[in-house]
Each structure stands twice: as C-alpha cells, then as structure tokens.
Amino acid sequence: MNGLTKKRSKKAGLPPGSLIHIGDKKSDVVKITIIDYDANGFQEKEVSTIEECFIFRDNPSVTWINVEGIHQVEILEKLGSCFGLHPLIQEDILNTDQRPKTEDYGSYLYIVLKMLGYNNKKNGMTTEQVSLIFGRNFVISFQEGIEGDLFDPIRERLRTDKGRIRKMGPDYLAYSLLDSIIDNYFLVLEKLGEKIELLEDELVANPVQKTLHSIHAMKRELIFLRKSVWPLREVISGLSKSESSLIVDSTKIYLRDIYDHTIQVIDTIETFRDMATGMLDIYLSSTSNRLNAVMKVLTVIATIFMPLTFITGIYGMNFKYMPEREWEWGYPVVLLVMITIAAAMLVFFRKKKWLQGMMYQKNIK
Amino acid sequence: MNGLTKKRSKKAGLPPGSLIHIGDKKSDVVKITIIDYDANGFQEKEVSTIEECFIFRDNPSVTWINVEGIHQVEILEKLGSCFGLHPLIQEDILNTDQRPKTEDYGSYLYIVLKMLGYNNKKNGMTTEQVSLIFGRNFVISFQEGIEGDLFDPIRERLRTDKGRIRKMGPDYLAYSLLDSIIDNYFLVLEKLGEKIELLEDELVANPVQKTLHSIHAMKRELIFLRKSVWPLREVISGLSKSESSLIVDSTKIYLRDIYDHTIQVIDTIETFRDMATGMLDIYLSSTSNRLNAVMKVLTVIATIFMPLTFITGIYGMNFKYMPEREWEWGYPVVLLVMITIAAAMLVFFRKKKWLQGMMYQKNIK
Amino acid sequence: MNGLTKKRSKKAGLPPGSLIHIGDKKSDVVKITIIDYDANGFQEKEVSTIEECFIFRDNPSVTWINVEGIHQVEILEKLGSCFGLHPLIQEDILNTDQRPKTEDYGSYLYIVLKMLGYNNKKNGMTTEQVSLIFGRNFVISFQEGIEGDLFDPIRERLRTDKGRIRKMGPDYLAYSLLDSIIDNYFLVLEKLGEKIELLEDELVANPVQKTLHSIHAMKRELIFLRKSVWPLREVISGLSKSESSLIVDSTKIYLRDIYDHTIQVIDTIETFRDMATGMLDIYLSSTSNRLNAVMKVLTVIATIFMPLTFITGIYGMNFKYMPEREWEWGYPVVLLVMITIAAAMLVFFRKKKWLQGMMYQKNIK
Amino acid sequence: MNGLTKKRSKKAGLPPGSLIHIGDKKSDVVKITIIDYDANGFQEKEVSTIEECFIFRDNPSVTWINVEGIHQVEILEKLGSCFGLHPLIQEDILNTDQRPKTEDYGSYLYIVLKMLGYNNKKNGMTTEQVSLIFGRNFVISFQEGIEGDLFDPIRERLRTDKGRIRKMGPDYLAYSLLDSIIDNYFLVLEKLGEKIELLEDELVANPVQKTLHSIHAMKRELIFLRKSVWPLREVISGLSKSESSLIVDSTKIYLRDIYDHTIQVIDTIETFRDMATGMLDIYLSSTSNRLNAVMKVLTVIATIFMPLTFITGIYGMNFKYMPEREWEWGYPVVLLVMITIAAAMLVFFRKKKWLQGMMYQKNIK
Amino acid sequence: MNGLTKKRSKKAGLPPGSLIHIGDKKSDVVKITIIDYDANGFQEKEVSTIEECFIFRDNPSVTWINVEGIHQVEILEKLGSCFGLHPLIQEDILNTDQRPKTEDYGSYLYIVLKMLGYNNKKNGMTTEQVSLIFGRNFVISFQEGIEGDLFDPIRERLRTDKGRIRKMGPDYLAYSLLDSIIDNYFLVLEKLGEKIELLEDELVANPVQKTLHSIHAMKRELIFLRKSVWPLREVISGLSKSESSLIVDSTKIYLRDIYDHTIQVIDTIETFRDMATGMLDIYLSSTSNRLNAVMKVLTVIATIFMPLTFITGIYGMNFKYMPEREWEWGYPVVLLVMITIAAAMLVFFRKKKWLQGMMYQKNIK
C-alpha cells in the first residue's frame, strides 16, 4: 500500500472520537520535552510521564510541550483531558492521513500540516505529520517521531534569548514552528529542481524507457507535494485573518509573510508540473524521431541494394540466348552501371538530407 | 444499459410527485425495523406492516425507522402521509438515480446520498442509494435493499448505550449514519488503490492491450465515484452551516469533521485520476518503444544481409568473362569480405546502441 | 450551413426589435390552440386567427395560448401589441438561435429554451426552440412547429382535472411545461448512452476509421447538447430564486426540483464527454498496436528468410573453386543448416512473444 | 510582425498621456463627418477642419462626430481640449492595440472595441479599432480609417427618422453603433463556420499536410477573435449595469440584449475551438492510419515474395549432387509449390482483413 | 541551479526578519543616487555612504533614493532604521526570489516586482527585482544592480521639468517607475513574438529535433514570464483601489491605465502559450508525416523490386528441364514482362498518390 492510501478503514463503524492510531509507527519510544519560558526565565526538560506536564498548565509563562511519537494513545488521552482538548481533535492527531487544516475551538487553536524533509541517502522525500495546538499560555506539538526535527534552531533561540521570541506569546512560538516547517519546503523544492535538471539533461543526451519512468515518478512526487501544500494556503490565510483573540496583531504580520512563502511554494510546484509535462512531450517526440531515423537507415539500405540485387539476378538467369553475357565487356559495364545507380541513390538521399539525419542521430544518441 | 443511465424516461409526462420506482429491484421483500430510544430506554423490533410505526410518531423519544427495499410504493405513501412528507421527496426516494443533495423542509430535513461497498467476490464496487429524513424526534432511512448494511455498529452502540449516542437527538443519529457511510468510502478507495498498484506493476512488466482496457475501466469507476462524492461536499457543508433548529451546535462540530473526510475522499479520487492519466501515457509510450525495438531488429537484419546477398548475386552472374571467378582464392576472399562487412555493421550498430536496445526489449517484455 | 451557425447576419444593420424570422421554416401553417381553465371550468379550442385570443386577456381564468410555427411575423406582432410584449422579446422569439435565458419584464416573465427529441428513424436528435411567456392570468408558448410536442400529457391532465394543475396559477402551468421538456432530455441522454455503448463494443471488437468518425460525431452532438443545457441551469435557478410576484412560493419548490434534474442532465453530459475522450484514446492506441502487429509479421518473415536466402546466394556463386559444392553431402547439409537457423529464429521470436502477438492480433481484429 | 504584437515599445519611457499613433496607417486622409439631430431636425455635413465641430458643443441637440483615420494626432488634441477628454483617453484612442474596455469619466463615457469585417477577396478577417465617447449631448466615434463602415444603416435611419432613434439621446446612438458592430460578428462567424465545414470535408476526403496548416491558421484566427470578444462581455455588462446618469433605463434593456448577443458570439467561438481541436485529432489519427496501410502493403509483398525468392535461391545453388534438379518434373512441381504458398499467404491476409485495408485505403485516399 | 529555484534554503531555521541576501550578486559596488525635487527645485547627487540620505527625511520636498545593488546588507539596515521599515520588508528586499506583491504599512507602501529587459547580444531575457517603497515625501527604490536601468527618461523629465511630474507627489513618481517597467514588458513580448515567428517559419520549412527544443525553451520562458506578470495584476489592481491616503485620486486614474497594460501583457502571454502549444502539435504531426513519406519510399522500392527479383530467381534455377530457358525469345520476353510489372506498379502507386507524396516531401523538407 506504499503511500497511496492509509488503512483508515479500520476505523469504519467506530463512534466518532475513537482514538486509534492510523499510519506507520515511526519510532518505538515516545519522547516528551517541555520548554517553559517568559521574558525573564527559561526551563527545559525531558519528561518520562506525561503527568509531569500538568503542573505547567496554570503557570502564566509560555509552555511548549513537544511529543514525538503518537502511537501511545493513552498519552494523548491524558493530555487531552488535562488541557480540555475535544475528542475529535485527539482523533485527528492520531490519524496521520490528515489534510492540512486549522480549527478554532475558542480557548485554543488546532493546526495540522505536513513536515517535509529530504533524505539524501534514499534520495527521496520524507514526510511527517505535525499537529500544533496553542492556547493562552501553551503550545503543544505532536510529531510522528522520525529522528530529528526542524525545531532545533527555535529551541536554540529560546535558550539564548535571541531575537524577540522570549518576549512574545504562544502565538509567536506557533508561528515560528510553522515558519521553520514551510522554510524547509524550499529545500525539498531545490532538491526536486536538481532532479528535474538531471532528468532534462538525460532527456537531451539519451532518453530511454527508464527516463520515462523517472519523469512519472517525479510527477507523482509533485502530485503528493501539491496535495500537502495547496490546503496550507487556506490554513495560513485563515490564521492571518483570524478573529481569535489568541493571535495578536503583530503576529499576523508575520503570518502574512509565511502566507507569501506558501504561495511561492505553490507557484514553484505548478511550474515544476508544467516542466514535467513538457519533458514528457520531448520524450515522446524523441521516441518517434528515433523511429524515423531507424526507418531511414532501413530505407536507404533497401533502396540501394534492392535494384542492384535485381540486376545481379538478371545476369544470373540461365537463358541460353543472352547476348550481353557473351560480350567481353559485359561484366565491367554492369559493375559500372551498378556503381552509378548506387551513387545516384546516395546523391538523392543526400539532397533529401536523410544521410544527415542518420549522422545526426548517431551524434545525439 | 449497464450503469450509464437509468430508465428515468418512463416518468416523462407524468405529473410531479408521481411515485414510480426507478432503478433495479434489489430485493424481493421490504424489511422495516424500528428502534426507539432515549437516554433511559431502548426498544427494537422488526415490523411487518408500516402502520405499526405510526404509534411512535408522537412519542418524545427518538424513533429510527429503517426501510430496506423501496419498490413497494404504497409503504412510502403511507409513511409519507403519516409524517407529512412532501410528494417531491417521496418521488426522489423512489428514484435511485439521484445526485446527493440535502433539502430543508422546515419540520424535517431530507438527505440523499450513495452508500458504496466493495464486493470482494466480484472484485467491484456496489452502490446503493440511501435517503435520510430526520425531524424533531424521528429519523427515517431508506435503502435499496441490498443484503446487509453499514449501520450494524450504530445499532450495537444504541443497544449497549456505548458512547454518547443515546443521550443525543435524531440529528446525532443522522450524523452517525452519514459518518459510517463516508468512512466506508475509504475502504472502497483502498481497494481501488490496490488495483491501481497492480495495474502499475503490470504496466512496467508487460503492458498488453488488456492493460489499456483495465486502465480505462478504472477511469470509468473513478468518474462514477467522483459523480457520487463531489456533490456530497456541498451537502455536508450545507448541513454543518445549516440554520435549521433541527441540528444542534454540538452536532455541527461532528458534521465539520465528516466534511473534512469528504474533502479527503475527493482529494484521493483526484489523485487517482491523475495517476490513471499518467499510466495511460506510459502505456502509449511503451507501445511506441516496442515498435522502435521491432524496427531495429528488422533494420539490423536487413542492413547486414542485403549487402551480403548482393555480393553473392554478383558472383552468381553468368558472364563469360569474370576474372575473379576463375581465380583460385576467389571464393575464400569473397567469404572474408562478407564476414568483414557483417562485422563492421555489427560494430556500427553496437556504437549506435541498437543491439543493446534489442536486448533491453527482450528483458522487459 | 448544417447546424453550425444560423443566418443571423441577415439582420445586421436593422434597428433593434426588427421582427425577422431566423432559422428553418419547420411547418407550413401556423396552428394556434387556446386552453382556458380554472378550478371549475375548462375550455379548449383551435383558432384560425390570432384575434380570437384577445377576448381571453381580461378573463380572470388562466389562458394558455400555444402557437406552433413562428414564421408568420404578423401573428406575433398582433399578440405582442395585445399582451404588451416588448419588441426585443418579439425579436427573440423569432430568432431560433437563442441561448436559453429568462427575463423579467415586471408584468410578465419570458423564458426561452430548447425542446429536444429523438427521431428514431433518422437516429438523431431533433431540436425545437420553445418560448414561454407568462403573466398574471396567461401563458403563451411558441414552438417552431415540428409535428407533435411533449405537452399532450399536460393537456390531458388539464382536461381530466388530474392532479393539482387546474387549481394552480399560470406559474404552475409554465413549470409543468418546463418539467415535461427537461424530463425528455433524459430520454435523449438514454439514446446517446446506447449509442456510446455500441461504439465501445465496436471499439473493442474491430476499430476502423469509421469508428473514429462516429466518436467525433458523438462529441459534436455532446457539444451541442451542452450548449443547450448549461445556460438552463442559470435559467431555472433564476426562476426558483425569483422575487417576481408572478411565481408563488409553492411553485418554487417544484422549480427547485427541476433544477436538480437540470444538474443531473449536465452531470451526465459531462460524464459522456469524458467517456468519448477515453474512447478516442483507446482508438488511437489500438491503431498503433495494430501497426506493431503488422511490423512484427514483417520482421519475423524478413529475419527468417534473409539469412536463408543469403546462404542460397553463397552456393549460387559460380566460383570455380568451391570445395563444398563438389562434396556429395553438401546439399543436404546446407538444407539442414538452413532448417536449424529457421528453427532457432522461431524459438527466439517465441521467447520474445512476438508470435503470440501475431496470434493475438488475429483474434481481436 | 504580422499581427502578433504591435510596436508599442516605441512609447516606452515617454510620460503618460503622450499622443503617439501605434498601429498601421490604414488611410491617407482623415475624414470627419458631423450629424446633428433631435426629434425635429437633422443636419449632416462633412468638414475639413476639426474646428468646425466645436460650435455643436453647446448645442442641446445630439451631435455625432465621426472621425475616420487617427494618424493625425493634432485633430485628436484639438477635439480633446474642446470636449475636455482626459489625456489618457486620447492616448488610448491612438493606440490601436487596445483591449476592449469601458471607462466612466463622469461627464462622458469611453468605450473601445474592435470592428470586425470579412474581406471576401482576401478570404480573411479585417479588423479596425473603434473608440466611442458619449456625453450629455454628443457622441464621438473614431475609426482607423478603412474604407467603408458598418454605420450606414444607422445614418440612414437618422436621415429618414425611421424607428425611435431620433427621439432618443446619445446613449441610444452609442448603443446602436455597438449593436451594428456586434451584429457583424455573426457574419464573421458564419464565414468561419463555412471555412470549418470545408476543412472538415477535406479532412474526410483527403487530409494532407496543408490541411493541418489550415486547421492551425483557423485556430489562430479563433484565438484572435476570442481575445477581441471575451473582454467585450464585461464591457457590455458594465454598461448595462452602469450607474452613470448618461445611460437611461430604457437603453439598458437594449444593452442587455446585445449582452446576450455577445454571450452567443463567445459560445460559438468556444464551439469552433472545440471543433478545431477535434479536427486535429482526426488529422493525426488519419496520418497513422495511412502509415498502417502503407506498412500492410509492404508486409504483404515481402511476406509473399521472400519465401518464394528463397525457394528459387535453393534451386539456384550449384551443388553437384541435387537430386531434384535432375528430376524431369522438378521445375513444374516447384512452380506449383510456389503458387500454393502465395495463395496460402493471400488467404491468410484476407482472413486478417489486411487486403481489405489496402482497398479501403485506396478508396478514402 | 539555473533559474529553477534560488538557494532560499540557506535561510531555513533563522528567525524572521534575518537579513540575508538570496540570489546572484549582479554587481560589485553599490551605487546610491538621490534626487530631491518639488515644483520649484531639483537636486541630484550620487552619494557614497547611505548616511547622506538621512538629511532628506524630514524635508517636505519629494526625495527619491535609488539603490543599485542589494548585497551589502548594512546599507539596507541603516536605511531601514532611518525610515522605519519593518524587518520583514527588509528581508523581502534582500530575497530576489519574490513574487510580485504590494503591502500597506500605514505610513508607507511596499511594492516588489520584476524589471524585465532583453539582452540582444545573448538573445535572451534579463530579469532584475525592483522594490519600491514610498511614503508621504519619499520614494526608495532598490535594484539588483545590473548595469543601466529603465528610469533614465524619468530622471530626464524630472531634470527638465517636462510634463506634470515635478508638480506631483511621491505616489506619481512611484507610478512613473512602475509605468516604465511595465511598458518595457511590451518590448520583451515583441522580441518573443519575433522569435515565435522565426520558429514558425522553421517549423514549416524544415522541422528538426532542435526546433522542438527551441519550442520548449520558448515555453519555459513563457512560464517564467507568466509567473512574473500574473501576480502583478492583483498588485496594480490593489494599488488603484487602495484606500491608503498615500495615493491621491488623480494618480489612481493613471494606475488604472497601467492595470490595463498589465492585462494586455497577460493576454499576449496567454496567446503566445496557445501558439507554442499549436507549434508543438505541428512539429509532432510533421514528424509522423515524414515517417509516412520514408515508409512510402521503402514500400515503393520493395514492391517493385521484390517481384522482379523473384522472376530472375526463377530463371536462375538450375533445373535440367526448363523449356523457357531453351527458347530463343525467352530472355527478351522475360525482360518485357518485368518492365510491364514495374510499369503497372508505378501506375498503381501514382493512382494512390504515393509518388506525389514522395515529391511533396522533397519539396517541403
């Protein structure tokens, strides 16, 4: 079932809000880290049980709870009942087949989107679903648990009190997380751009059946990417125009900025799609060009040798009375005639530029 | 007329509201079951005449009347006059060629949609039209009558008072029915996804004419699916934004959730369509690649043997004066010349990578 | 000019409201029938001069004037001045090249649309423009005058006082006329659906050039159909949301119903278009498949016989010193060699499944 | 630069409102005619200097100034300063590469659009830009100066006081000019429709490379037409909904009428585009059908003669011991064998219907 | 990474507002020029340090600061803190991969777009990002620093007090800059138009593989152009409808004018795209036409010579008893027969118009 659909069907028939993890289990243990900060203080720790988080709930400072690994349903349940998360949100967090969306539940906002990465070893995209929930004084983020994430620079900025991040509220932290995820889309696009250029070179130099399959694999990656990014536009636009009191006006300016980035990502994806379509056209037409070249070789050969062979056939006949055959100069004259015919054919083909075509083919192939 | 259109025309000329069953008769008997419940009580029975339902009408508890089989028009007529259903709704219920839609008649809401299933034996989709009507204290559901439905888990939840369903009103029951229908779309999509992957494998390994027909059959299934699901988006969106007092606010949150599911289903269908189109391109280009390979074989053979045959023709001529013929080494020298020519040709074709092409073809075919 | 455009240009330069009949004259005589009814009475007569209609104008009962044949401009002029029809409407009625539209002139509403039929003898669609005008107490309908129409069941319902039609106003009569026209679209679609299925069978069994032309003829019919039906959506939607006092609320529910039918017709047309496109793809690919099969036959033949003929050529040479030729077993050994080569070739082609391809071709062709 | 772009670049860097004529000079002299009328009077004259127009400015009767030829910039400048035209409008009038648009400058309205004609001699469209400006009591029209225009019937109606035109204001005159221009689009479409039908006949009877080029020329004409007409929809719609006091309500009804005509023109253009695309498909597939037919001829010939030639080769070998050769009946038996093989082949090909294909090809070609 | 994507990823993880130059460094030094003017005075100077600009800030006259070269981040930082520019704007100015957009920050407006040029030497487009910021009394423009710009005519108009520019505010200056940039798009389009016409000629005269690559290069240029211009529509439309007090009403009329120009540019790009697609179709079909022609040559040759060679084969057989061989007229009769067959074939092919096809091919090739 590689990537086309996930086994959502195992939830069919269950009541809404049933907490069932849908997707691949990407890590064994669940790692929970807490960062608590305000303009004056900073505290960071990794906890082993989720209950340790609860003391931060009524704390006025901003608390960021990051959960890596979502397959242990009870952790989510406890967090949910502590922070009052709606059962449907809990269900959505566990289902890794979500479309990016945002929902406003009054006392907190829920955002779900895809975190894309590029695995250089496998030469392919990695994808991980990230759920963000932020309220008056907390941000909770859920990741599927792939080793490493994109949030280290943000943690570093929090630790070292660089920039304005410690002075701002949870909405700015959520924005920063979104920003780092979307910025990384550009990296993925750059890698895809490199792939496209390699494919284009291959297409000009020596297009084979494998090239076609590569172009289609590329198209499928773009279809997937598009599915992940298009809805994001609405999500970010919705946030930047949100009337929720959880997002302050100065943060909305920043959200408008990542809205622009999202549009740019979409633009680039569309451009790549156009290019992939163009490459397909080139591939198909180079296939028929090559057929043309092959047929020209065959035709040239046949057109030269068929008449000649016919002539040899004539003088291979065993009629008793064939005057030319007795003639002393018969053989050289026939040879001369045949050379003349062959030469005339070659001149004819040269004028039609068919021989050139054969040479051309040799060069580009 | 397999599936393209249904014999709607037999209604042409009749007054609106004429009750005529359009579609295939999918069961012989009509099965009517009643479930009546509130937070405290639960009652379930199968009735043989529709009149037995009427006593529940003025009952404050929620009554769910489920009718399987719609070809007995008089049952619908009686139900309609008891619950005050508009003649046009009655007509719509009988016409199994409906587009999904919802209509608000003030004291009740009418929803019609398709229930999809997947028949593993026939390896194909099954489809059944479901009509839902719900008012202040009742839900009436009509099915076409295919054996078995998707509502058993809901019945079970009602019986065992699991979840919140017994505490909620008919709007929540209607939502639950919709939810179980839409959840099952994912199952159908998974099956289609598996089929697509099988087709893709076949396409790479050995594409034949039959593969093309399978791709097109797939495309047609997707067209049908799309027709069933696209309008559903508006239906669910309309319900979740409805101003009808029949839907309470807490249920609307759940409706928003199945709205998301519907969008997801649509997204997947569109992705599948893109993939089917891509497969078509691969099929067509592999056809012309194969032609290319065939022509190369022909050209290689002709190019090698035509000149050789010509040479044999020369020395097959019967001229009296052909000095080479008399020469003792004539025969071996000519043989040598011919071998040289053949070898040169082979080198030429190897450089052009045509022989490789022939090998390649042998491997993938 | 078969169907592409009508000679509208003959009106160029004339002042607006010039009454000129554009289109083919479809009948010789103009037939005018009047039906006058209310809940209590019914009167029906065919009149020979249009002036006989005028006495009904100030009658409170509903009067339906049906005019078949629009080429006698003066009839329209008289009716127009009697009922106060705007000159532009009169112009539109005469121009049979109208796009479906509706216009509200305050004291009356004007609707124009296409009445489609299917002529079984010619195996093709027939099309006739219908204009409807209805006011406080009258409905006027204009047809182009093709023998027979779809309104007979409505006349019958009026005569026999069946259903509610006699109790309702002219808006309900206009609705009934629209309903009978749109219902008949389904019949036309069913006929097209049958044609499509025949074409698909032909496509699988034996696609020839004629099949292609049939597919394109089908596509053109669909383009025409689409042009007739798409604008209808807006027309009906406009009527069902109209603020005109001429349409009562209970009729609007019925208009919503035919709005749904229109959407269904559009859906089916779009599906048919998708299918026609798919059939085109199959046709094109089956053409290249057949080329492939032809080329394989050629290649197999050439590959087997060219080397063999070359060998016979060798031993046909007349060199004096050719040891094999003198050898007693020369002939049988060469024959054996040739048989071996031919057999090897056949095995090679069998492995490449080319022979199978030839058989396959024979079967499906 | 035939038609693709006009030398607009020569204006780059100039301040806005710079009066520079862009486009081809289509006449040598500039012809100015004035028609001044109201319900009671009518006056028409051709003037040589633009200053003669100015006396009509403060006249309450409607004045129509028609300027044919726009390359004399000073005429426009003088008119502009007399009637208070904005510099940007003056610039737009001179630039014949305008997109149809309308602009409301309070005391006057500016409309620019294309006047299309069909030149029967050149068998091609002619195009001329028309600018209309109308205010409280004047209409000014600018044409590029091609001999003859479409306004003669309107002049005639003004002269003879036919219809209502003399009783109406400048808005009705402007409408009449627009109406006559748009009515003429139908003529152009009819001519294109005739061309399309000729092309379709050619396509069925004998498609050659030239047919393809004709189809593409047609497509380009349609692209150009589309560019001229699409924006017109908004223009007319804007006028008919305009809140300007310069357009009275009764005129708006007439504008709605030409809005319908515009929609009809657009519909027809889109239909023609669909048909041109369909013709391209037929062309391409008939090309590959013909290739198929050619290859069948080759294959039939090769398949019949290669085995036969091989047999003659066998008995052309010079082995000493070839028993058949000595046999008295050898020659006739071999001939018989060869005839049998050829007959068998022909039967085989007949069964495969290849010979039929060759006949078929001959017929349609 | 030629042009597909820019190394935006190097910013991933940095806090928002981080000033990092993204793009190619197009000049070594940064050139800053200041023009300060009002209706009465004019002052122009080139400064070496950015601090020299600051004295103009509180000056009521209009100050235009033009910065060529954006790779020295500190210059931007100083300007930003002097004029109070938001960090996100500063970040956007440095990132040369921006999508055209406009943003209203209350006391100033920010516009970013692409300045296109055409390099005749390289026969290709040049592109440079231009950022404009204008407030109550200043305009700041940033260019990437390519030698020369399009603003010289504006400088000249300012110097010589030509037109109204000195009398107007910074909004008019900003408009003038935009106008000169957009006017230059027409130049680029004209160049592309010329290229397209060259390509079309090549396509008709002698289409080779290189032609295809040129068409695709053209398509890519158009994709790029489209990406640069489409968003501009919204930008200019936004400005012309802006409620900012920084843009006076008389300037908005001018902005509407360049809005029209932008639409015209977009229209032309779309037309070019349609034409490029059409050219692709012609290319592909001419390829298959040529294949057809090649195959006809082969078929004609084979069909003529195969039967003839077969006949010579018959009389080359060495049967003892072959009566014809002994016959005195055998040889001339066989020759005659062969000539007759060849002539018959030629007549057959002439009737099928295949020979004509060969001639035709020679002519257009």
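In order of appearance the chains are A, B, C, D and E, and numbering begins at 1 in each one.
What we mean here is this: a residue touches a chain if its C-beta (ideal position, glycine included) is under 8 Å from a C-beta of that chain, and two chains touch if they have at least 3 such contacts.
Computed from a predicted model, the values in this text were never measured in an experiment.
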{"item": "Path length in steps (a step moves to a chain that is touched) from subunit B to subunit E", "value": "2"}
{"item": "Chains touching both subunit A and subunit E, listed by label", "value": "none"}
{"item": "Rotation angle (°) superposing Cα atoms of subunit C on subunit D, nearest 5", "value": "70"}
{"item": "Shared interface numbering between subunit E and subunit D [over half = same, under half = different]", "value": "different"}
{"item": "Inter-centroid spacing, subunit B versus subunit A (mean Cα positions, whole Å)", "value": "26"}
{"item": "Centroid spacing, where centroids are CA-atom means, of subunit A and subunit C in whole angstrom", "value": "42"}
{"item": "Shared interface positions of subunit E, touching two or more other chains", "value": "284, 288, 291, 295, 298, 302, 306, 309, 313, 316-318, 322"}
{"item": "Graph class of chain-chain contacts, one of line, ring, star, complete, other", "value": "ring"}
{"item": "Of subunit E, residues touching subunit A in the complex", "value": "1-2, 4-5, 7-9, 11-17, 86, 88, 91-92, 97-99, 101, 103, 208-209, 212-213, 216, 219-220, 223, 227, 280, 283-284, 287-288, 290-291, 294-295, 297-298, 301-302, 305-306, 308-309, 312-313, 315-318, 322, 324-331, 334-335, 361-362, 365"}
{"item": "Residues of subunit E touching subunit D in the complex", "value": "150, 152-154, 157, 162-165, 176, 179-180, 183-184, 186-187, 189-190, 193-194, 196-197, 204, 253-254, 256-257, 260, 263-264, 267-268, 271, 274-275, 278, 281-282, 284-286, 288-289, 291-292, 295-296, 298-299, 302-303, 306-307, 309-310, 313-314, 316-322, 351-354, 360, 364"}
